[in-house]
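One structure coming up, written as structure tokens, with questions to follow.
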Amino acid sequence: MSEKVEKNRDGLIIKQADTPLKMQVEVNEVKYEGDYRKAPVFIFHDWCKKCGICVAFCPTKALGRKLDGSPFVEHPEKCIHCETCDKLCPDFAITGAKR
Amino acid sequence: MSEKVEKNRDGLIIKQADTPLKMQVEVNEVKYEGDYRKAPVFIFHDWCKKCGICVAFCPTKALGRKLDGSPFVEHPEKCIHCETCDKLCPDFAITGAKR
Amino acid sequence: MSKSEKPQKLEVRLSGSGGQGLLTAGLILSQAGALQGLNVTQTQSYGAASRGGSSRSDVIISDEPIFYPEATRFDALVALTQESYDKFNPNLREEGVLIIDTVFVKNYTISSQDIYALPFTQIAMEKLGTSLFTNIIALSFLVKVTGIVTDKYLKEAIKDFKPEFAESNIKAMKLAFKLAEEYDQPAQEKL
Amino acid sequence: MSKSEKPQKLEVRLSGSGGQGLLTAGLILSQAGALQGLNVTQTQSYGAASRGGSSRSDVIISDEPIFYPEATRFDALVALTQESYDKFNPNLREEGVLIIDTVFVKNYTISSQDIYALPFTQIAMEKLGTSLFTNIIALSFLVKVTGIVTDKYLKEAIKDFKPEFAESNIKAMKLAFKLAEEYDQPAQEKL
Amino acid sequence: MKKIPQKEIHKYLRHNKKFPHVWCPGCSDGIVLGATIRAIAEIGWEKDDCAMVSGIGCSSRMPVYVDFNTAHTLHGRAIAYATGIKMAKPSLNVCVVTGDGDASAIGGNHLIHACRRNINLTVICINNHIYGMTGGQYSPTTPHDAIATTMPYGNIDNVFDLCKLTIGAGATFVARTTAYHATEMQSIIKAGFEHNGFSFIEVMCACPVIYGKLNKQGDAPQMMRDLRDSYVPLITYEKLNADEKQGQFPRGIFKNEVAPEYSERYAALVESLQSVKGEGDE
Amino acid sequence: MKKIPQKEIHKYLRHNKKFPHVWCPGCSDGIVLGATIRAIAEIGWEKDDCAMVSGIGCSSRMPVYVDFNTAHTLHGRAIAYATGIKMAKPSLNVCVVTGDGDASAIGGNHLIHACRRNINLTVICINNHIYGMTGGQYSPTTPHDAIATTMPYGNIDNVFDLCKLTIGAGATFVARTTAYHATEMQSIIKAGFEHNGFSFIEVMCACPVIYGKLNKQGDAPQMMRDLRDSYVPLITYEKLNADEKQGQFPRGIFKNEVAPEYSERYAALVESLQSVKGEGDE
Amino acid sequence: MERKKPVLMQGNEAVARGAVDAGINFFAGYPITPSTEITEFMSRELPRRGGVFLQMEDEIASIAAIIGASLAGAKSMTATSGPGISLMAEGIGYAKMIEQPCVVVNVMRGGPSTGLPTQPSQADIQQARWCNHGDAPAIALYPSSVLECYELTIRAVNLAEKYRTCVMVLSDAMLGHMREPVNLPDLEHVNIIERIKPTIPPEWYKHYPDNAKYRAPLASFGDGYRFHVTGLAHDDLGFPTTRPDEVDRMMKRLKNKISQNIEDLVQVELFGDESARIAIFAAGITARAAKAAIEIAHQHGKKLLLVRPLTIWPFPDEAVHTYLSDKKMIIVPELNQGQLSIEIKRILGKSKKTRKIVEVHKVTGELITPEEILKAMKEDN
Amino acid sequence: MERKKPVLMQGNEAVARGAVDAGINFFAGYPITPSTEITEFMSRELPRRGGVFLQMEDEIASIAAIIGASLAGAKSMTATSGPGISLMAEGIGYAKMIEQPCVVVNVMRGGPSTGLPTQPSQADIQQARWCNHGDAPAIALYPSSVLECYELTIRAVNLAEKYRTCVMVLSDAMLGHMREPVNLPDLEHVNIIERIKPTIPPEWYKHYPDNAKYRAPLASFGDGYRFHVTGLAHDDLGFPTTRPDEVDRMMKRLKNKISQNIEDLVQVELFGDESARIAIFAAGITARAAKAAIEIAHQHGKKLLLVRPLTIWPFPDEAVHTYLSDKKMIIVPELNQGQLSIEIKRILGKSKKTRKIVEVHKVTGELITPEEILKAMKEDN
């Protein structure tokens, strides 16, 4: 897996295994990343370390993982606001709590 | 008890409670103190600290305690060579072992 | 600075982000110098930085004894991230060699320095299928353009390092040598 | 040395075996000196010795400041055991006062010293029913024959020390004062 | 268990203190920090009334991030520092955050003595089976045969069961949970805080970057899954037969006993002496 | 149990070393020394093959009196010294003599780690409930309400049950006996010596001169009687009801388990590596 | 200014009384000869006064507990002897690093190692300066009488509070156990330095102010200031940093608060004749032998001067320079193998023709006598 | 005399290799940055060689275990950094007191306290001398290159065995982590001092012989000699004593075995120009900056001399005297607030008109640069 690289619509994506942790890579825009109030789930990318825990344990699979490892809200409608992601994120970087 | 003093045949005896530990006092001669091979029980007074343990726990009451606290073999015939005194003496100063 | 006028003592900084394999590159370069019978000191950043932050490895190679062990003014700088370029470029000597990975270093000034700007990471992935060899490519490129050690000892050091990866690493080295030989200065292109 | 020619500074050693109450005696003497407004230092042996071996308490009393705190050459020595007599008598000043308990000190030389030899332990037991007060008797005797502190402050110190024993202790003190007044030097007797 | 929304948590964080925090991606330490704050928020303690004390280690970096009265002390000594703090100001709610090495290697003695004293401290021990901070040496809790940088051939040392140890030492509240069971963790930590006496809470954690790598345990989510699967509730565990117990460990509250607390006992002593005249007062 | 006549014991004593020994009249320490020597004589170990290591305390004065390889080390550290000795020369039979303070106050950490490692040391802990050497301060085993020079108003601290503590820490052999039960002590110490692994033997002892006096426990014989009457065999103890248990304590061997011993495990590792080339050998 | 009756007390008791009179309300310790009487006094006294006495599991825990207590606002202290100081070294360094007031008493006994537990020594003088790793200046006081034990302990507590650091009181087995009558002063006349509580809003509170005179408000846990302390290099607020400028500022602060307040910190006694050609430099218990020697010498018409440091650290460089540099002979008697003499040599240079430094050492557990000092003077003349 | 390929290695690895080449077969330690690589190397290497590697529960246990192992006949060592040394102080004092060989490595990091764990420092130099309570002289060596790390560790092991004491190797975070090529010598050419086993009958065996040159047979546990060791003051046989004459003999022995063998113990390097009027006194990593500074100065026609102690303790008094007393300026650069400079002043006296002592300190975790040394020279001229 670490030997693969894929071109994405929006830019060069490098798989996490290959990616130095803070390497600047261009990523595709995803929904509900930028607007805190409107988002059912909000991810604070400044703090997120792309560990993948939120994605792995979201019970409804509302979250997806981009190729660089960072989470994004793939299916906002699926979010049941269980706050599992809130509690399991080691970096206080995601919240699915109802606002 | 610590306020009592008694005169004995052979000299001045001071009760243990009053007696500085290494104070030289005159004591009455008792049997089987001097001859190691002949004694059923032998007490090595140089090491004995007069704690009274051997006397207290000799099962046959073969041992007696002098007024200054030191043990002596009061009833040599009663000794059953159980070696209780050997084992409970903290000072390796008495032996009732069969020789 | 070019190969022919190689001075007695060269200070090199290899910099980038933790995980780009720069510590390995530093080790290989140092070992090559050692094998060549030169004096070498190698130092690197420790601590939190090596767990993900920025990362650097300094190598000084000289045929005279090396006293002060830290590189302060670099004769050559390899910068694989923008951050490291920004941070360390000021300490590159005027006549020093700069090697940057254009995948990550987007903003850089063309000065009078010898600048080699290439998308090393992309090249590694395209030509070798993984970015894992970026470090070897950048290193070999550096060796080729500076001549700090001879190709022979670089090769030997690469082989010594992790024999199980020797083959791919040598491939990466050769690729880099070719790149270096074919290289056109961006200065000419862009100025 | 007699009461009238009391020098400015007196060094006293009270010695015997652990349990004879000499540390207490030293404390009372020191406190008496303190109450009298004199300068006092009191030191004593520590450690294993105080758990049964030999025991000593040194008191220096002076109307001048006392610098060196240890008694080295004694103006007065109280020895309640043979061992302590043997050990410390050599350091008694020529004109010093020696007080011994003949119950335990059997071998002693009559020199030109002021020697007071009495069976203090026996006296204590006979007159007060217990040897526990031997220390107070010997101390009071010492005070009487040397005048190192006044009777008044000795009494006050004794009372202060353990109020619950004050009465018996005062009795012991008075007994000692009487003994001292009535004392015949053994020197005259035995020489 | 009360839900504490994340924005609540942020009120407890020292935002100006170099967030994102120092821990590696996927490290459980942040999850424990979250659960701890949630437990405190749930109880409703004032920040001023809380003290967090730690030793040295990755886990022990926690205090710097929370807006309490915080002390990052010496390796292994957090509990002794906390004892001084608690006794000097019993009104403070004192929480100790420590690692497996900090608490049970160099700090073992202070741990067992705090257990014995039953002093009202809450010790949260982040057990990641390794010395993370120094790069992966084995700790007293590294599993048998596991690889560590100082056990390159596999660990031949035996493992402390920290819960058994603290129970043996007389702790009155002893529990184990995992970073995966974040909700349970919150309620266990809350119970520990509310316990009047010494409480020891062992949180089994993932150190994906050091321990995980050395032992090929997969990435952070995988290690979290392992935590989920290896630690079963005590009652479940007890029903397992010997074979089934292999690789399984119990979690839950193992001991929760009411007993006189030390600082209160001390206060009672002081109270009882108020009539006694001081030596310095004559 | 073999009878070892006292003249046998004298062969093990360093007669020139200032006998009578330093302990007070009636102090149990001498009784423990006797039982220890008897156990060794019974097993038949050569003196050259025995090492006795101690910390600091009255009890720790023991090594100077026996003609073994002896080390009087630092307060609390005897077990760590002994660990070094044992690992460097596993053929030595290493016995640690320690006090309640030495072993469980300052030395608690080394104690629990030796338990965990299951290294073949025999620790004889002389528990006299007090710091004897320094004149009577309370120790982690001083009973509640007892008087000590640093607990003048009666002890408010809780008490370690050292056997529970060591079991909690993973010791494989744990036993308790008393100075009164000298014959039992001899056989328990012998069993401890013969146990291949870490053994902890707590000997309840009388300190008549310090502890006894402070707590008005009577003279040495009386304190010995109390030991006789307060410590009952484990099976007897277990049959007592809660009321009857008051003031009674169990004695006997509480745990005796076969488990891999540390120095042997280490030797096996060394053995398994004999084919591996050293880093310094290239 | 004096209480009615002079009280006979041991040096150790005087230290303990000084401590409580200075406001020590928290003591944690672990017994060790010859300091135990201090611990025992505290165990009797503090509970009565509503203070806290803790006997910890060891010395490491003791120093930790008193630092912790100090963080929570207590005035705290521990007492031990050499082996305990060796164990406390890391904790002492931490107290200095986080600048938390506390007092450590070292009643010195014969060393090295277990040594001579009941006998006096002065062999921990350099250790008082250098026990902990890393550079952190020390403050250490050394009394020479029972009264001074009382007084200097009060001073130690005050200096700890004022300079926010760990202050050491040195004593020895002789001083600790000897008794002298002491007239304790009325407490109203005792000058006690209390911690200044901050009053500014918490947002503006700086835990480590830049202030050479160093009497700044110090918040405690629970006061509402919620600060952070760490043994890592830290910035003014107490948060970890590796920025060279911030680290440098921290290190300079630690150094300057001592070096810029030498006048306030250093106390020296002169005894004898300032015009003497021969001087003695001695501290603590040994200074008493020196005074006795001076008295004897004076009786024989010989002049001598004693310079006695009450403050050992920072060392009285100035006084040594002023009073000793013109002497022809300086005798340095001490109960060790030469620890004060190092400093004298550092300040004045080694012995040379025009100035002799004569060292008198004794390490047998006995005191140096006045006669030995006089003899050294003669022999080396 | 040289192995085929030069090996690139870290200072820490060189220390570890030196240790095993010197015969260290027992290592007990507790990990701490920046010394951990030594511990890790030993954990890989010793089991392979049949030696013993133990990771103990803490540093106190580590020093205890290596002393115990040494008693049982092993050549033993531990490695740590400042906080560990602070904790080992009591154990180090015990090793010196019972005169049991062992080696302690201190890879210095920024202090005080937790300080700057990954950054170099030289702030534990005085601690190396004074960490333990009581008087006990120290031996400490300080290399300044990776090769010297190897060589001086071998020397440390040898000196420990020869002088029966705890020998310290000082290093620092920079030296420990930097890499240089090293040509390891063939082992036949490495001079190793082995313990001499006693051959006399046990009855005549004296554990502490009076022998100034101090190479006497030393029995180990299990050898049939059944001796006793204690940290208490002891007689020649090792049994406790308080007799002043016996204590004095013991203390003199501890002192004299160092002070009477200075020539064997002290090593100093001279670099540059002996006739220069300006000299630098620097050790370890800082001496490298000094050498670089000298090179630069020489290029500008300016003469400079470096005196570099390889042996820090006992301090090279003689060399300082010989090579530095006639200089007009002595620059003492060090990564602390002045620890070597104290010694220079002790030996030469304070700065004065005819001789300036210029101290260059840096405590920020960075190295002192050659430029800073040259600047100090100019500024203070």
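Each chain carries a letter (A, B, C, D, E, F, G and H) given by its place in the written order, and its residues are counted from 1.
As a convention for this text, a residue touches a chain if its C-beta (ideal position, glycine included) is under 8 Å from a C-beta of that chain, and two chains touch if they have at least 3 such contacts.
Being a predicted model, the structure only gives us computed values, none of them experimental.
J.: Going only through chains that touch each other, what is the minimum step count from subunit B to subunit E?
T.: Contact-graph shortest path, subunit B to subunit E, evaluates to 2.
J.: Which chain maximises the distance between its CA centroid and that of subunit E?
T.: The chain farthest from subunit E, judged by C-alpha centres, is D.
J.: Go ahead and note the Å separation of the Cα centroids belonging to subunit A and subunit D.
T.: Going by mean C-alpha positions, subunit A sits 90 Å from subunit D.
J.: Roughly how many whole angstrom separate the Cα centroids of subunit A and subunit G?
T.: 59
J.: From the mean C-alpha coordinate of subunit C to that of subunit F, what's the distance rounded to whole Å?
T.: Going by mean C-alpha positions, subunit C sits 63 Å from subunit F.
J.: Find every residue in subunit D that makes contact with two or more other chains and list them.
T.: As it turns out, subunit D has residues touching two or more other chains at 52.
J.: At least two partner chains per residue is the criterion; list those residues in subunit H.
T.: Counting only residues that touch two or more other chains, subunit H contributes 7, 33, 44, 47, 57-58, 60, 83, 90, 94, 98, 113-114, 117, 230-232.
J.: For subunit B, jot down the residues that touch at least 2 other chains.
T.: Correct list: 21.
J.: Applying the document's contact rule, which stretches of subunit H touch subunit G when the two form their complex?
T.: By the definition above, subunit H touches subunit G via 60, 81-83, 85-87, 89-90, 93-94, 96-98, 108, 110-117, 119, 121, 123-124, 126-127, 129-136, 230-233, 242, 244-245, 247-248, 251, 254-255, 336-337, 339, 342, 345-350, 363-366.
J.: If you look only at subunit F, which of its residues touch subunit E in the complex?
T.: It is residues 105-109, 112-113, 116-118, 140, 153, 156-161, 164-170, 262, 265-266, 268-269, 272-273 of subunit F that touch subunit E.
J.: Residue numbers of subunit C touching subunit H in their complex, please.
T.: By the definition above, subunit C touches subunit H via 27, 30-31, 33-35, 37, 39-44, 46-47, 66-70, 72.
J.: Residue numbers of subunit E touching subunit A in their complex, please.
T.: Touch residues, subunit E against subunit A: 3, 5-7, 9-10, 13, 19-21, 23-31, 34-35, 38, 179-180, 182-183, 186, 208, 219-221, 224-225.
J.: Where on subunit H is subunit F touching in the complex?
T.: 7, 17, 20-21, 26, 28, 41, 44-45, 47-50, 52, 54, 56-58, 60-61, 64-74, 76, 90-91, 94, 98, 184, 220-232, 239-240
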